[in-house]
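Naming follows writing order (A, B, C and D), and every chain is counted from residue 1.
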Amino acid sequence: MGPMMDLQTVRKNAADRLTRACRVCRQCNGVACAGQIPGFGGVGTGSSFIANAEALAKRKLNLRVLHDAGRPDMRTSLFGLDLSMPILGAAVAGVRVNRMDGITELELAEAMIGGSRLAGTIGMGGDGGDPEVFEATIAATAEAEGIAIPVIKPREQDALIESVLRARDAGAVAVAVDVDAAALVNMALLGQRVEPKTAEQIREIVRAADGPVILKGIMTPEDAVIAAEAGAAGIVVSNHGGRALDHTPGTADALPGIVRALRGESGENGTCCRGGGQGSGQLAQAAGQAAGRAKSQIAVLVDGGVRSGVDVLKMLALGADAVLVGRPLAIAAVGGGAEGVRLQLEEYAKQLHVAMMLTGCASLADVTGKVLFG
Amino acid sequence: MGPMMDLQTVRKNAADRLTRACRVCRQCNGVACAGQIPGFGGVGTGSSFIANAEALAKRKLNLRVLHDAGRPDMRTSLFGLDLSMPILGAAVAGVRVNRMDGITELELAEAMIGGSRLAGTIGMGGDGGDPEVFEATIAATAEAEGIAIPVIKPREQDALIESVLRARDAGAVAVAVDVDAAALVNMALLGQRVEPKTAEQIREIVRAADGPVILKGIMTPEDAVIAAEAGAAGIVVSNHGGRALDHTPGTADALPGIVRALRGESGENGTCCRGGGQGSGQLAQAAGQAAGRAKSQIAVLVDGGVRSGVDVLKMLALGADAVLVGRPLAIAAVGGGAEGVRLQLEEYAKQLHVAMMLTGCASLADVTGKVLFG
Amino acid sequence: MGPMMDLQTVRKNAADRLTRACRVCRQCNGVACAGQIPGFGGVGTGSSFIANAEALAKRKLNLRVLHDAGRPDMRTSLFGLDLSMPILGAAVAGVRVNRMDGITELELAEAMIGGSRLAGTIGMGGDGGDPEVFEATIAATAEAEGIAIPVIKPREQDALIESVLRARDAGAVAVAVDVDAAALVNMALLGQRVEPKTAEQIREIVRAADGPVILKGIMTPEDAVIAAEAGAAGIVVSNHGGRALDHTPGTADALPGIVRALRGESGENGTCCRGGGQGSGQLAQAAGQAAGRAKSQIAVLVDGGVRSGVDVLKMLALGADAVLVGRPLAIAAVGGGAEGVRLQLEEYAKQLHVAMMLTGCASLADVTGKVLFG
Amino acid sequence: MGPMMDLQTVRKNAADRLTRACRVCRQCNGVACAGQIPGFGGVGTGSSFIANAEALAKRKLNLRVLHDAGRPDMRTSLFGLDLSMPILGAAVAGVRVNRMDGITELELAEAMIGGSRLAGTIGMGGDGGDPEVFEATIAATAEAEGIAIPVIKPREQDALIESVLRARDAGAVAVAVDVDAAALVNMALLGQRVEPKTAEQIREIVRAADGPVILKGIMTPEDAVIAAEAGAAGIVVSNHGGRALDHTPGTADALPGIVRALRGESGENGTCCRGGGQGSGQLAQAAGQAAGRAKSQIAVLVDGGVRSGVDVLKMLALGADAVLVGRPLAIAAVGGGAEGVRLQLEEYAKQLHVAMMLTGCASLADVTGKVLFG
């Protein structure tokens, strides 16, 4: 597809192709697809997906227009990499199990990772019951010269560490484990056991990775503290897009308590991990300090229902260092490949730019709880 | 029906047969059937049935994945009987008055009680204006070798005690009285008076039963304390599925206050009555102590809107020792007989297994208020 | 119509006739008819009518079944008259302005007043821009041997007092002024001024009436105290069925503050005005004490969204001495005349009987805030 | 159109013409048109427009009828001009960009400004990417002999001041800058930069205007204080009808905090700026004091979801001195020109008259927080 593509066309393309997985709704909030797994829906009643959308929707912003922050700077850095925006591509993978038509596993991984890179940020790749999924992730990671974060299922320890090493060998800037997949039915069905992980197992993974390890699926202060103390470089506050367990809270509701537990009651966020320019290396430079990482040093990412730059701003205001976007980028990938993903990310960046300007934030360091109303 | 039956087929069968009583909705929450009595609806505006669903839905769970509780144990024991799961079959009976087509009264009782037993737990049988209802319950109880709990209407004292004795003679592990049926119109219409019961009348029933007596339909701390002090072995927190009185709260909202009144302010639940292995006898061993039973010794069961293993977990977290499921098992009984009931119960057990794992609960003793968000 | 009429037939008849005024909805809550004046709707957005329904719906009841209150007594007395139930017929009048087809003004007044009397209670009659309305009320009052309460618009003082005297001459047990009609557009259009009333004007009316005067449309503690101090024998907490002003609260929300202001903070309600047997005279015996009536002596009635005996119980629990029912009785009047009104009132009485039994209330004196959950 | 026109006809005409921009819904609350820009909808999910409606709807009024305020006086004065009502016409402009059919830019400006003047109040005119918009505003202002407030986009400072001077030269009673348009996309697209404004830039504008300057789009106490300290004569609490930024609060929710910040905690509103008769001059008499204007002297206007006289009363009770109405007047302008605007404003005035009477307010000074329930 050529440079004339626009986001509306991308989404129309996707709607034409994705009929079995997703309705490509105007507002992507988990209502129309409740319980549709296979497909993009939330598990059971769909309440966890819906809660993500509702937890964001209920936050309101303080519109500010009398100030000099007319040219907001949204650059940041994560895991030693400078990013154009505090928005990453989440891992959406498994074209067969999710009934995604019109795209292959490799095309999906290349679009998510490559499109994110085109937009100046990082995309993630997935893992799954079908070995093809992780192979696509590794291939796309290598193609992207390591500007990617493979997300590995919480497999039994040996298999998990083997995958971690493959990610490292592919040059990945960091590696993630989506620990909230500990009970994913389709993994067990395919004879590939997954399990909750103990602090000791996390430490073992961190040692093996010899680079930043991110734990995805942290929803409580307790798990967050365990992650930090075990040496994780980052967490993703996530309920797996509402697909792990029915009736979890929205991530925007879980986030503040987690940030308080990690950063202290003062709630000053962004002091260490958010903001631009603290280095530009890309690989494992943070590894040496992993075991002893202070809780306040861990990067706090979040996903769940982020559907606009305004949503991004809200998540940052609630204490996140950056956000992940999943379904909308997968839709863009199906409808427009890497270029579609880039377009969607840049749309969010434009919206974030406006939202920062209209809340008086000159840089991400200004995006604190003060931008939230009430 | 053979072993190849699955739950989807069972529910489809039921939907084909139950057209006059129930729509077999995807989400069974009292909305579509509001006021439909005869039929499965709640009384009046249906608000009490709907409140049950809403009171559960508003509770959110703390997803926990960094722990070693990868193989949860959900076994428990009640009234001296070891159970595979903390889920019992509620009494749904009265095929004629409820316009349930495609099943006889006896088939229904056998499916509810027999199917629960197949799943390793206990089913209840009903009583009604039509004598055939209780006869079916007694027959199914005997067939199940007493692994059943007949639930008797709060008839005038002599008739009630006569039914209690028949249940005892049939070998029932316990007997229940659904005291919330004190004003059921269809009983009075058939010339069979029902009435509220005084503490003294309860004591008389307990003495006559010479075994565990359960009072079903307790919705206040006051009634719970009366039940305990009168020697009841258990209560069921219940608003009769929303069919006794319009505008009662959801049982999940009534439960915590009742548990506090019985267990004390500490809210430590499950210390005496929940958990596995405190004996395996099945009959009236608890009888001797009935009159002097401490409030903390009484088993607290609950029903009302439980539609998944996640709902079961919530009710346990709010202080229940076990839950009862009604309409979904009746639907399964109509669609698949005892095998259908077994399939539905085992589906809930699987969901509870996942929910326990994803909230870090190795056993039912771990399922406390800590698994609830906020 | 003969004695074989049942309520379902009455409502079906009404639905056939009332098509221009009312849809005779299953749940009469102001949603379907929002803004439909002429017609039975609430004014503007309909929010005041809807608020009445919502304020009742949000209250939940404590189901109680372990007690000896199996035969509740719902008799009461008001204005020296013994009543079978704490439910009165409200004034619904104006067949032309409300587009009520199939009934004449006189038939409506006779049905509302006569049907209420048949049920052992009191009905009210209306006043309106068309003189025929009040003539019908006076005629029906006389036919009912004074067991009726004419409700007069807050006309200019001379015209108002003239109407009060006509009501007295017709033998009415009491007379009411619906002061919330102070801005009713259709009155002004017909050249018949209405106005807010001062305390001094109320005193003048009380003196002229020489019998119990009720002020209908009191929604604040301030107005309630003015009414009591000016000698009113009763108030009706009412927002005119949502037809006076858009965006007023539901009466069930306004009621508790008013009761506190009149009865004191203790909130003990019913101590003086509710309960049976304090006399059976019917006319103006309370007149002598009117000027000096204590605030705690004033009868507190309420209307607004009462649609069942359970709603009646809630209003009493919130502090009312009795309730008024409007639209449902008007529907019954159109569908079945006085007999229809009687049937509807007796249906509510049956429901109140069940609700009292299932909340453990042996008499109306037991219906306090304790029956409300939470 | 002749004097026989009524509001219903006006709205029907508008509905026939506005099909591309607006559905002319019975309740204009942002739901049906969510996200429809071009068109009258709110930006993004439409939540900011919807929040305006919801923030008003949740406020309830204390109905008061026992008092002597039967003839409320709703006159006020603003910027030295006596007004018949505390309701102004907001700026709705840009017929091309908003897809408003059946009306020219000049006709729209003349209808909004001229119709407001016919009703005894002030209308505003707009500015836009297309120069024709502001030209129409200036022309209509001159035609109205200066009884108009041109609203200028927050253009780069030189262009902005040039527009201010043109407004002054046209004799405008005051000039406004809608600072919440600081990020309006369609302005940037047309190569006409807009920007947030600093306190120093505001001071410069105030000096240049040599007359009352109003800042429209203030949503926080902080911006309100900056505006007052920089010498603004008034602010409009506004989220630009939900078109500036998605997920802002409703203006009725933002208003009280702003009023407290300006007037002090006592919350006594209206002491200086609301009420009749403090002069009748029309031009820049307040200019001399602008630089040193006390916070308590600044006029607080508000717009956002005002759809009835009851809504006007609520906004005043929350602390506003007057309100602006936008979309409904634009609809009236399309459907009936200046006469349509006059009819709509007078309809609101009638409703406000009734609402004041039924809350016991003899004058605008009586409209305080006491009229709000709870």
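We adopt the following convention: contacts are C-beta pairs under 8 Å (C-beta built on N, C-alpha and C of every residue); 3 or more make two chains touch, one makes a residue touch a chain.
Quick caveat, the model's predicted, so the values are computed rather than measured.
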A correct list of chains touching both chain C and chain D reads none
At minimum, the number of touching-chain hops separating chain A from chain C is 2
The chain whose C-alpha centroid lies farthest from that of chain C is chain A
The angle in degrees, nearest 5, through which chain A must rotate for its Cα atoms to match chain D is 90
Across the interface between the identical copies chain B and chain C, with over half of residue numbers shared counting as same and under half as different, the residues used are different
Whole-Å distance, C-alpha centre of chain A to that of chain B, is 42
Taking each chain's centre as the mean of its CA atoms, chain B sits from chain D at a distance in Å of 60
Among all residues of chain B, those touching at least two other chains are none
Among line, ring, star, complete and other, the chain contact graph is ring
Full set of chain pairs in contact is A-B, A-D, B-C, C-D
So, in the complex, the side of chain C touching chain B is made of residues 26-27, 57, 59-70, 308, 310, 314, 354-355, 357-360, 373-374
In the complex, the residues of chain C that touch chain D are 35, 44-45, 47, 51, 154, 179-180, 182-183, 185, 195-199, 202, 215, 217-220, 222-223, 226-227, 230, 239, 244-249, 253-254
